[in-house]
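Each remark here refers to the structure printed beneath this line.
For reference, chains read A, B, C, D, E, F, G and H in written order, and residue numbers begin at 1 within each chain.
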Amino acid sequence: MANFSEPLKLGPYEFNSRLFVGTGKYETFELMQEALEASGCEVVTVAVRRERLYDKQERNILDFLDRSKYTLLPNTAGCFNAEDAIRTALLGRELLDIEWVKLEVLADTKTLLPDPLGTLEATEKLVKEGMTVLVYTNDDPVMAKRLEEVGATSVMPAAAPIGSGQGVLNANNIKIILERANVPIIVDAGVGTASDVTVAMELGAEGVLLNTGIASAKDPVRMAVAMKHAMEAGRLAAKAGRIPRKLYATASTTMEGRINA
Amino acid sequence: MINIMLNGEPQELSEGIDVSKLLQDLKITVPCAVEMNKKVVPKALHSATIISDGDVIEIVTIVGGG
Amino acid sequence: MANFSEPLKLGPYEFNSRLFVGTGKYETFELMQEALEASGCEVVTVAVRRERLYDKQERNILDFLDRSKYTLLPNTAGCFNAEDAIRTALLGRELLDIEWVKLEVLADTKTLLPDPLGTLEATEKLVKEGMTVLVYTNDDPVMAKRLEEVGATSVMPAAAPIGSGQGVLNANNIKIILERANVPIIVDAGVGTASDVTVAMELGAEGVLLNTGIASAKDPVRMAVAMKHAMEAGRLAAKAGRIPRKLYATASTTMEGRINA
Amino acid sequence: MANFSEPLKLGPYEFNSRLFVGTGKYETFELMQEALEASGCEVVTVAVRRERLYDKQERNILDFLDRSKYTLLPNTAGCFNAEDAIRTALLGRELLDIEWVKLEVLADTKTLLPDPLGTLEATEKLVKEGMTVLVYTNDDPVMAKRLEEVGATSVMPAAAPIGSGQGVLNANNIKIILERANVPIIVDAGVGTASDVTVAMELGAEGVLLNTGIASAKDPVRMAVAMKHAMEAGRLAAKAGRIPRKLYATASTTMEGRINA
Amino acid sequence: MANFSEPLKLGPYEFNSRLFVGTGKYETFELMQEALEASGCEVVTVAVRRERLYDKQERNILDFLDRSKYTLLPNTAGCFNAEDAIRTALLGRELLDIEWVKLEVLADTKTLLPDPLGTLEATEKLVKEGMTVLVYTNDDPVMAKRLEEVGATSVMPAAAPIGSGQGVLNANNIKIILERANVPIIVDAGVGTASDVTVAMELGAEGVLLNTGIASAKDPVRMAVAMKHAMEAGRLAAKAGRIPRKLYATASTTMEGRINA
Amino acid sequence: MINIMLNGEPQELSEGIDVSKLLQDLKITVPCAVEMNKKVVPKALHSATIISDGDVIEIVTIVGGG
Amino acid sequence: MINIMLNGEPQELSEGIDVSKLLQDLKITVPCAVEMNKKVVPKALHSATIISDGDVIEIVTIVGGG
Amino acid sequence: MINIMLNGEPQELSEGIDVSKLLQDLKITVPCAVEMNKKVVPKALHSATIISDGDVIEIVTIVGGG
């Protein structure tokens, strides 16, 4: 059968899976491991946090992430200004010996919406530091373009607020972003269920990043498989050229030759 | 003795200790990265980097995140 | 890995694939064959028409449908009253030596919307003839229930008008139908792209039937693979228990342990 | 200023207001009276019920409805088959000495969705009785056409289930109904707020009937005024010829003559 | 009848109408005049442009705007950086001897989407100049808050791109903006028809500004009346407390006392 | 005495009573319509319509409804 | 000769022909089903079913459809 | 003679002309505002503001806009 795969290039990397999966909120590391495996993802996002110096946890997440299988993508989750995000990005690079980051500069703890100004500043500086920056942003086409202009390797507009599970709220904005982008657009945040991934890919996105949608589903492993299929479905449908929408009716069976016709 | 900030908490330390020694004393075995006064201290320089009074040190590791 | 499959029972039949694919509108029989193969479907719908007695086509569609692989489901497409639909159903049974039918009684050639009264009448009579009736209907929960009551094995509400490519237009109605159904509900007609299948399945449908969405896509084989994945995605997501929708934000990464926190 | 009004003709009647308002669910008759007044409606629907023979209510609703101001439209709410609906319609006619009815034949007490078969039967018989029948139905274009064909003076498709407050759920169906109708289409049931009325009218409906949306609002009188304006807004906008929808941007100000241009 | 009006305060001004109407794109000044009159608006936006020094137009728009009736609101349409916008705002103040401005700093001529950074910078500087700034922005809740923080008197998020006629594309964002705002939120840009105004007001906006929706309608005067009513409808409905949305059915007529019950 | 059904309830009635009399006895003052054995009895015929044993009578009025 | 309707068209046929013979004469090789006067003629009865004057016959096959 | 930029176009002007005079010479009767070298020249200062060589002047008025 025809081979429809087309790898996604991001800076020095190339991936066959276009699903990027986070590692937060799983009940156990084992469940996380099983869900990541089920999702078929090749890129896994992780966060950088202070080591608990005296109340050490027994187990470290890195023991549960096979780096021969997954490319780890450190993020700057929880940073509320450019400086913290830059420091966190550089610590992530040092820690994982990897030159890229999923940059988040958030505006406040309540909505977790991205701060456009801090995001732009941090992107510019990290690019100058030589890093491959995948940058989380709102769905504003103007900021998306600015982030591309200052050197982001991928712009990652939110489908909806982090953890909101609402899917693509403004397809119009995503379409405008895609129409004008010269870098891969990866839809990030707000995915609630499988069809949200399919819809994002059908719009023309190059990938989708999600975490809560899988990790907080009742059955994360099953949802991970769903997301994997949803990604394939959306990517293929986007390339297959869908039929147009009409008010009604085109017969799928010929009208000729009916008995009594 | 010197006084430093370690992961946001005040801490007393003997003089002349380097970053490698600090990590050893703290019995940190998981992969970590170290920042001193808002600059990353690359692993290769841990032994050569002596901690001074007033230094602000962050030791970070990887956790789950999205 | 966990096995999430759950076969769909329809009268005497049992299927692993929940995608039902039509055979109309393909440019060539070979393309049809390839698309059916790619879709992973096990049930294939076909229509019954007068043999062209003197201007014979060289090739018959049945030579391109491997009956050891596909269960053929004759339909009554193009029938505009109960009598014609019943006659067509019985001819289909005779022809294919198979006891079931996808019943369509349409109201007019322009919209191809189903005629509720003729549909109900034909369902009742065909059930009495001993046939397994899968019946195409509009998305009215009342008619869906009536069709179940007169013995339909499966009720097949339209997502949208045949060939309109609009996907599920009224999720509210589909939800009410599903809430009250005691027979499998298979969404039929109106599917335009992969996410339409996923959405229908996430609502809780037991299957989806489509034709134009694949056959008239620019690349039917690629769209067939998309539909196959979309079906898996939707079915699994429906069972996995999605996260709730919120106005905003639940962090997927802990706020504790941030540098500078 | 231009006069944009265009009366609505329904059988022997002619109305300037296109808002039809029900009288159920108000906390007091006085509140009902005030809300009806505020809505500017000229047609008021009422129901027919057994007189409580021994536990009489002090007050009768008719004392609160000025028939020199409002044309009363008896309905058959609560009838679950054609026979009951016909009897109720004829009792309403006798009671109010008025030759019309808002016909409802419902399928069940839980969903209150209309029963297409009973509705069609009752419409046909009441038309033969010489009545002006305004008939409540689902949004199926096929049944709407059938009801017109058997003589309904107005077909009243549901925006959404009675009392659901969801507004027009399937604009596609309403559009098809309107495209093919030769009688006035009045959207009935499911209106939750003012914009639902405006949207229905913008689609091209000739009127809207509602009850719960006003009666169960926190402030029914204020909502009644809102509905009055919403009706005007929708009717006028439908006739004014709206601008087309675009992905983006047409400047509303000329680009010429900017300083620094 | 109850008086539901509640004036809108904006800096030193107070208005009874919450509809702000632009003056661009009308075929004639007379038509503009008639449409403004019909809309009931009290605030009229105008633009600042170079005087054509040698090819003078016979007629000036100001001769068609009765300043005893309308408060003119100069805008900075067509400015693509903060400096130009500030200069234009100050020229508008000088010209009209009025201390306020509708600030627009756009990103590019193709999409006419606002530039968040330039917008923020210009807002801050104009506020320091002592001006009352009503600022056009995208629907990002973070930027809306920043603009409030630097002193905007009103924040004006776009429903959709200027001239796109799509209505509120992301109700989620508008809701978050409203939930957190301490200044009046006026929805600006993207209004296509009357229901768009009603929907924006029902979400809780304090006003709506539009131009193309009226000026480019087939019948601008009729659409202006529609918009006036749509504004009333939306404002009243927002305050009246709408009924909740349900999957189905609450009877608006009692089930008791039916014949045959 | 005869037995009838009145608004769904069994009821005893003297013989020979007409519809007008029944309404009077029931002290019904609100506008109402009367159905006997599933046929409307027009107002003009109330006095002329004698109620018989086994008749099923409905007396209805107007209530609020949507 | 007899006159029948065959797939909607008037047709002349010799007398005494059965359904099997008709299909043979028409050189129909694809799978088909036959209806006579709105009743299906099962395959097993093709040979036993003689076509009479005025009969309305439909011969159908399978085509693509959704 | 001096050279200025007027509404984006190069322009020759006699020396010593003030803004009021310029507007008069241009026969501008509609309401307008004047900017010189990116600063607004308030109406009250039109007569007192002499135009010099190299000045960049904008004369603006109101047009329709949204």
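The rule is short, and it goes like this: a contact is a pair of C-beta atoms (placed from the backbone, for glycine too) under 8 Å apart; a residue touches a chain by one contact, two chains touch by 3 or more.
Treat the numbers as computed from the prediction; the structure is a model and nothing was measured.
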Intersection of the contact lists for chain D and chain H: E
Higher-contact pair (C-beta pairs counted), D-E versus A-D: D-E
Distance from chain F to chain A - Cα centre to Cα centre, in angstrom: 73
Length of the line joining the C-alpha centres of chain C and chain E, rounded to whole Å: 46
Between chain G and chain F, distance of the C-alpha-averaged centres to the nearest whole Å: 66
Shared interface positions of chain G, touching two or more other chains: 8, 35, 58, 60, 63-66
Chain D, residues touching no fewer than two other chains: 22, 24-25, 47-50, 75, 77-78, 87-88, 91, 111, 113, 161-162, 164, 166, 172, 176, 211-212, 215, 247-248, 252-254, 257, 259-261
Contact pairs between chains, per stated definition: A-B, A-C, A-D, A-E, A-G, B-C, C-D, C-E, C-G, D-E, D-F, D-H, E-F, E-H
Interfacial residue positions of chain E with respect to chain H in the complex: 22-26, 32, 45-51, 53, 56, 60-62, 72, 74-75, 77-78, 87-88, 90-96, 162, 209-212, 215
Sites on chain E touched by chain D in the complex: 1-2, 4, 22, 24-25, 34, 37-38, 47-50, 52, 75, 77-79, 84, 87-88, 91, 109-113, 161-166, 192-195, 197-199, 202, 211-213, 215-223, 225-230, 232-237, 239-261
Chain D-touching residues of chain H, taken from the complex the two chains share: 8, 35, 58, 60, 63-66
Of all residues in chain D, those that touch chain A in their complex: 172, 175-176, 179, 247-248
Residues of chain B defined as touching chain A within the complex: 6-8, 26-28, 30-35, 38, 40, 42-43, 58-66
